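Only one structure is covered here, and it is reproduced in the block below.
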Amino acid sequence: VALVKIIEYAEGSAEVKVVYDDIMKTRGIDWVNNFWKTLANDPKELRRVWQNVKQVMAPGALDPLVKEMIYLAVSVTNGCEYCTYSHTAAARKKGMSDAMFMELMAVVGLANETNRLSDGLRVPVDRQFIP
Amino acid sequence: VALVKIIEYAEGSAEVKVVYDDIMKTRGIDWVNNFWKTLANDPKELRRVWQNVKQVMAPGALDPLVKEMIYLAVSVTNGCEYCTYSHTAAARKKGMSDAMFMELMAVVGLANETNRLSDGLRVPVDRQFIP
Amino acid sequence: VALVKIIEYAEGSAEVKVVYDDIMKTRGIDWVNNFWKTLANDPKELRRVWQNVKQVMAPGALDPLVKEMIYLAVSVTNGCEYCTYSHTAAARKKGMSDAMFMELMAVVGLANETNRLSDGLRVPVDRQFIP
Amino acid sequence: VALVKIIEYAEGSAEVKVVYDDIMKTRGIDWVNNFWKTLANDPKELRRVWQNVKQVMAPGALDPLVKEMIYLAVSVTNGCEYCTYSHTAAARKKGMSDAMFMELMAVVGLANETNRLSDGLRVPVDRQFIP
Amino acid sequence: VALVKIIEYAEGSAEVKVVYDDIMKTRGIDWVNNFWKTLANDPKELRRVWQNVKQVMAPGALDPLVKEMIYLAVSVTNGCEYCTYSHTAAARKKGMSDAMFMELMAVVGLANETNRLSDGLRVPVDRQFIP
Amino acid sequence: VALVKIIEYAEGSAEVKVVYDDIMKTRGIDWVNNFWKTLANDPKELRRVWQNVKQVMAPGALDPLVKEMIYLAVSVTNGCEYCTYSHTAAARKKGMSDAMFMELMAVVGLANETNRLSDGLRVPVDRQFIP
């Protein structure tokens, strides 16, 4: 159960509807997911977060699928349930296959393992890695 | 300062040298980084971790640069200093430009932000995201 | 489902009842929440944790609502479901409005973002920040 | 050592200088800290993050010192060294005393303890906490 | 709901069945838990992870129950729900009593508290602790 | 550099000296480590944390070395530098050999890997694991 009201389109203020419309148009879909419907309790926060997502996730030096998989890797590392479901769905929509998903998970798992080994053994940074 | 001895090539047992040789050959370099030199305190552990890295990071459904950037995204999210330096170096060697690095960081930062917003607002998973 | 028994008031030993009574009296309520009912499986641990909460959360240099919001900020950052529900309820009881909650979440989200950017870019600490 | 160039004011593009000027003016100081100087490697990212910080940290339903202490609580929970130094300095500038700092740390510590106890015992959320 | 198919024994390829058989034989049980049934979507990944678990969790310098409790301590610290349930069950099977479980949780909770206090106060490492 | 004053024995108030004396007596050593010297900035907090450590780490259902290794496993998972050095030193003093330390690290690394795999694949908890 959400800790704030889920604000449906019909209930939203004009400021909220503008963002909902932009989300649906940008993504080419006819619905808005719950993440935005909870943020809508503070319309300025809704707009702020959406503008960030729109800017950061736009095609650039990295392609959109790669960005989405990086987003998912972070979400899994943080153990965020909502984010893992939503970004897996988003990545699949952008072309992530089952094989790619399983490989992504393998990399995420291994990175979490060696991160802790490095931290635990207190491995000194090699001078070759210092820019 | 490492919590265990840094085992140089000359000091390594035959079992250790086999792994060091394979690391250098696989990566086409003539040195071994400190991570492996600390793991070498337990040769079986050294071999286990190296075999995992070799298998998981090999080209597959995802290309090696993408895998390396995912590895880096996890390392940054975990705040692992050694891993951030080493995997940034590895990703640059595989072709990550400054623009790609900055964009990767932007995605990692944003994902960490929206992960916590989702967790904090306890957003219910939309049925559209359930496979 | 809890991993240990939920110990209701009637089932508690005298040692447990003393703590339950003090929780209810201190908070001015007539029920005890599940967190304490699980800790009650080890009465000494129940008393230890309650004494800590009582001491640390008492009014002091920081006012109780501020402390409760800090507690919530940590709970959200750790992705703790139980703690997010319980400390949101506690903060609301102490006066946190919807607007304050949304702003708190915005700060928590942003902090998580810039924390990772700082870690990822390995930003050197400015000498002006060193006490 | 930073993983990207530290861009000083004199080296910045016009786009970068506009942000640096706004940071100094908003904060009433005559220098820019390293966090922004690393983000300046991507001027659009620099502007994006600064606009977020400016919007989220402005006075609102919560007062600026409370926001700064929440920011610090998150930074400590994430173990971010740079952020801990910079937000402690910022909070002190906004009025955080030694006593407030020690109390803030006590709350952060305790929250991290009970978060893990709740997660470990898998405590069910009380119906009284569900909004 | 899992993000990939749960692969039952009857549906598994020969490669999958070999691993399932080894899991059941090694553990002396007649069923396979869901963790492996999801990994089976990538048989090579299934085998890799199983071989790691088998090697690392075998009796060695540490006894199996101690290893299992360490595994559980990490799982709780990471807030992993599945892992907390599965490794609590595994530890109980290896002899962990209620009293041991409660004490384990107390240590995990306290460590999380003092970890954050150390990070937050930026305590310098004593020279006596440097090997 | 610590964010608060390091309070040496000679500078401590009577309240501080009582705790320092108890730490040294309990541990059978003639010095106090920096963790306590920073907490001493708030004598009540110093006493609170010390009493917790003393109670939780005392011999009980788990032996002191096992408790110390669990403490270390958590510290490594949280990436806490100070804690990793101090609890490795403490565990060695209580009998942890190099082989035990390397094995402990292997378990911590593996647990971090499978924690993320479970979270990422959203593995449903098997009914057999529910108490």
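We call the chains A, B, C, D, E and F, going by the order they appear; numbering starts again at 1 in every chain.
In this text, a residue touches a chain if its C-beta (ideal position, glycine included) is under 8 Å from a C-beta of that chain, and two chains touch if they have at least 3 such contacts.
Just so we're clear, the structure is a prediction, and the values are computed from it rather than from any experiment.
Colleague: With a Cα-based fit, what is the angle in degrees between chain C and its identical partner chain D, given to the nearest 5?
Modeller: 180
Colleague: What chain lies farthest away from chain A once each centre is taken as the mean of the Cα atoms?
Modeller: Result for max centroid distance from chain A is chain F.
Colleague: Check B-C, A-F or A-C against C-E and flag the pair whose interface repeats it, over half of the contact pairs matching by residue number.
Modeller: Overlap exceeds half of the contact pairs only for A-C.
Colleague: I'd like the Å distance between the centres of chain B and chain F, where a centre is the mean of that chain's Cα atoms.
Modeller: Chain centroid spacing, chain B to chain F, equals 27 Å.
Colleague: Between chain E and chain F, what is the separation of their C-alpha centroids in Å?
Modeller: Roughly 21 Å, centre to centre.
Colleague: In angstrom, rounded to a whole number, how far apart do the mean CA points of chain D and chain E lie?
Modeller: 34
Colleague: Quick one: which residues in chain B touch 2 or more of the other chains?
Modeller: 1-4, 48-49, 52, 56, 77-81, 84-85, 88, 99, 102-103, 105-106, 108-110, 112-117, 119-122, 130-131
Colleague: Think of each chain as a node with edges to the chains it touches; is that a line, ring, star, complete or other?
Modeller: Basically all the chains touch each other, so complete.
Colleague: Please name which positions on chain E make contact with chain B in the complex.
Modeller: Going through chain E, the ones touching chain B are 1-4, 44, 48, 52, 55-56, 130-131.
Colleague: Applying the document's contact rule, which stretches of chain D touch chain E when the two form their complex?
Modeller: Residues 72, 76-77, 79, 81, 84-85, 105, 108-110, 112-117, 119-122 of chain D touch chain E in their complex.
Colleague: Spell out the residues on chain C that touch chain A in their complex, using ranges where they run on.
Modeller: Listed in rising order, the residues are 79, 84-85, 88, 98-99, 101-103, 105-106, 109.
Colleague: State the interface residues of chain E toward chain A in the complex, per the touch definition above.
Modeller: On the chain E side, the touching residues are 3-4, 41-42, 45, 48-49, 78-80.
Colleague: Spell out the part of chain F that touches chain E in their complex, as residue ranges.
Modeller: 1-4, 6, 31, 33-35, 38-39, 49, 52-53, 56-57, 60-62, 66-67, 69-71, 73-75, 77-78, 80-83, 85-89, 97, 99-100, 102-104, 106-108, 110-126, 128-131
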